[in-house]
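Here subunit A shows up in two complexes: once beside subunit B, once beside subunit C.
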Partner chain A sequence: MTIALAVSPTRMELLKLRQRVGLAQKGHDLLKEKMDALVIEFFEVLRRIQEARTKALEQLSVAHRALSMCFAVVGTLETRQVSREARRELQMEISTHHIMGIAVPAVEVGEVERNVLARGYSIHTTSSVLDGASREFERALKLLIELSELNASAFALARELEKTKRRVNALEYILIPRLREALKFIMMRLDEMERENFIRLKRIKAMLEKRE
Partner chain B sequence: MSYKIAVVGDQETVTGFALAGATYVHIHATREETLAKLSEFFASGEIGLVLITHRIAEELGLDFRWMSRAKRLLPLVLRIPDKTGYVPKVDELREIIRRTVGAGIMVRKEGS
Partner chain C sequence: MSANRLIKIELSKLNVHLPERRLSLREALSSAKPQVVARDGSVHTFKREELEFLAGLLPEADRDKLQLPILIALEPKLGRGTARISGEAEAKVVSQVLEKELTAGELLIYRPEVAILRRKLPTTTQYLFLW
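Showing the complex of A and B:
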């Protein structure tokens, strides 16, 4: 059920309303196109997430297994100690690019996997099992960084998609029907006034003729 | 711009990622501490990615969700499974798809 806007039934108002309906319709069409494009983009990102996620999670569980092995062989405390000593200066480059006006992060990361000497802990006091664990975690981290980029894009797209959908629905189901209702009301009213006028004229004419 | 990486997790996760080169780490002990640490991570401009385990994210619950909604584009937040491979049953992304598209969607490889 639509509620008619409060309008005065004049010709001026009618013209204005017609313009507004046209504008709303145009906006609606544009937004709908935007929404379609967003959906396509969104699904593309989702598909890539699916792939990246299975890969990353697999690698992460491999890494955890290697770490457990390391805990067992080297010892828990020693491993923790080494993790504190390790050089921890991994940098990632993040810039934003825009998909249809939405800011989406673009992550660039150099080689995460380091060589044994670059890790920063002393090699001769630690076991090679520890190196293995480090390596697996570095690989996992690289995959996770890639995944995080996709994830953030998906979230940004989803948020925009939701907003666009709201707008499209508001135009389609609220604003445009209301405007049309108002338009109809004015047209009916104007017609009615014309008929009233017609009758009035006829009456006056009849009265004038009777008087003669 | 170049950014650093922060990890919030249990002892094992943190140790592993520290070995891999994550700069900031926090071992989860109490809710309050972790929340304070997280807001510190979110506020600092030099962190580009915060990894947090699913288990802790779930424990922090609504507070964490509010925080990650209120933040700007950066830092990115990614939830990861911990050593037990724990992943919550309700997938966040799937939930979002359900909300935006209005239906659950399975992404399948073509031909299967």
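Showing the complex of A and C:
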């Protein structure tokens, strides 16, 4: 209300304010469209996360079963020893791609599953059960990398969504109502001035008629 | 900074993800790394499998006509959640993807269809905000 009263009640100001309301409304509509589009993208990423998580959990469960089997067949100490011998260097290319100007990570990973000879432990002294467990964990690792990429995308989208929502709310609940209030104030004031003028003219006319 | 200026800046930032120059499907298919440079300088890469999917939907002669990315134009005056697909080849492809009848040279699609389109063509479609 204070802002509404701070504007000068002139026709020029009224025209300017009308323009500003139009612009603010346009901005609000567009940002709302952007928000809708972001929601679509966000839900799509969430759907993919759900799928990826289910797959990763299933694969991890398979891998842990294989590891338990390995502990039972090869022995816990031996398995731990072999895991210390194993070497792993995974080449990943982390870049960004853009969804509506929002940078989301894109992880490109080569083949995670390795040949048994590339794992770094001796195959003469270990069992094929151990190879199976390693293979299952490598598959799980690939799925976990995909899941982490999707999670990061969801976070980036959620942040942008929050920012856009704040802007939409600022326009919808603060700026536009204030401008409309100011507009209403000017229109009322101009009407009032017109009425005052009309009454003044009427009185002058009456006085002039009386004098005659 | 005045509210007006802030709104203008906000509106100008809405389309910075759009490419400076669009690629035809033929150009994209023949390129080793099919990508476009956006107005903000970022690079947008198309997935080859999507390009091949699109090529399967269009006759050979129309590959020059289809400009990528396909723009999903969101215009508040059309109503909230309504989008326009302009361009003959673009509308044709989108109508085939959505299994929707194409009546004129352009196509109007609605929010659930936009979601399906984005799911099927995540890299070869982009949003365009019009006012």
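In the analysis below, the second predicted complex is superposed on the first by the 195 of 212 C-alpha atoms of A that agree within 3 Å, B and C clash if a C-alpha of one lies under 4 Å from a C-alpha of the other, contacts with A are read in each partner's own complex, and residues count from 1 in each chain.
Please note the rule applied: contacts are C-beta pairs under 8 Å (C-beta built on N, C-alpha and C of every residue); 3 or more make two chains touch, one makes a residue touch a chain.
Please read these numbers as outputs of a predicted model, since none were measured by experiment.
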Thinking of the overlay built on chain A, is A:A103 touched by subunit B (first), by subunit C (second), by both, or by neither? both
One more residue to check, A:R180. First (subunit B), second (subunit C), both or neither? neither
Contacts for A:R189 in the overlay, against subunit B (first) and subunit C (second): which applies, first, second, both or neither? neither
Taking the superposition on A as described, I'd like to know which of subunit B and subunit C A:R167 touches: first, second, both or neither. second
Does subunit B (first) or subunit C (second) touch A:A37, or do both, or does neither? second
Just to be sure I read the superposition right, which of the two partners does A:S61 touch: subunit B = first, subunit C = second, or both, or neither? first
Need the overlap of the two footprints on subunit A, from subunit B and from subunit C, as residue ranges. 43, 96, 103
Can you list the subunit C residues touching subunit A in their complex? 3-4, 7-8, 10-11, 13-14, 16-17, 38, 40, 42, 44-45, 74, 76, 80-81, 111, 114-115, 118-119, 122-123, 126-127, 129, 131
Which residues of subunit A touch subunit B once you look at their complex with the stated criterion? 39, 42-43, 46-47, 49-50, 57, 60-61, 63-64, 67-68, 71, 79-80, 82-84, 86-96, 103, 105, 107, 112, 114, 119, 130, 133-134, 137-138, 140-141, 144-145, 147-149, 151-152, 154-156, 158, 161-162, 165
So, in the complex, the side of subunit B touching subunit A is made of residues 1-5, 11-23, 48-49, 51, 73-74, 76-78, 80-83, 85, 87, 93, 96-97, 99-101, 105, 107
With touch defined as at the start, can you tell me which subunit A residues reach subunit C in the complex? 20, 23-24, 26-27, 29-34, 36-37, 40-41, 43-44, 96-101, 103, 167, 171, 175
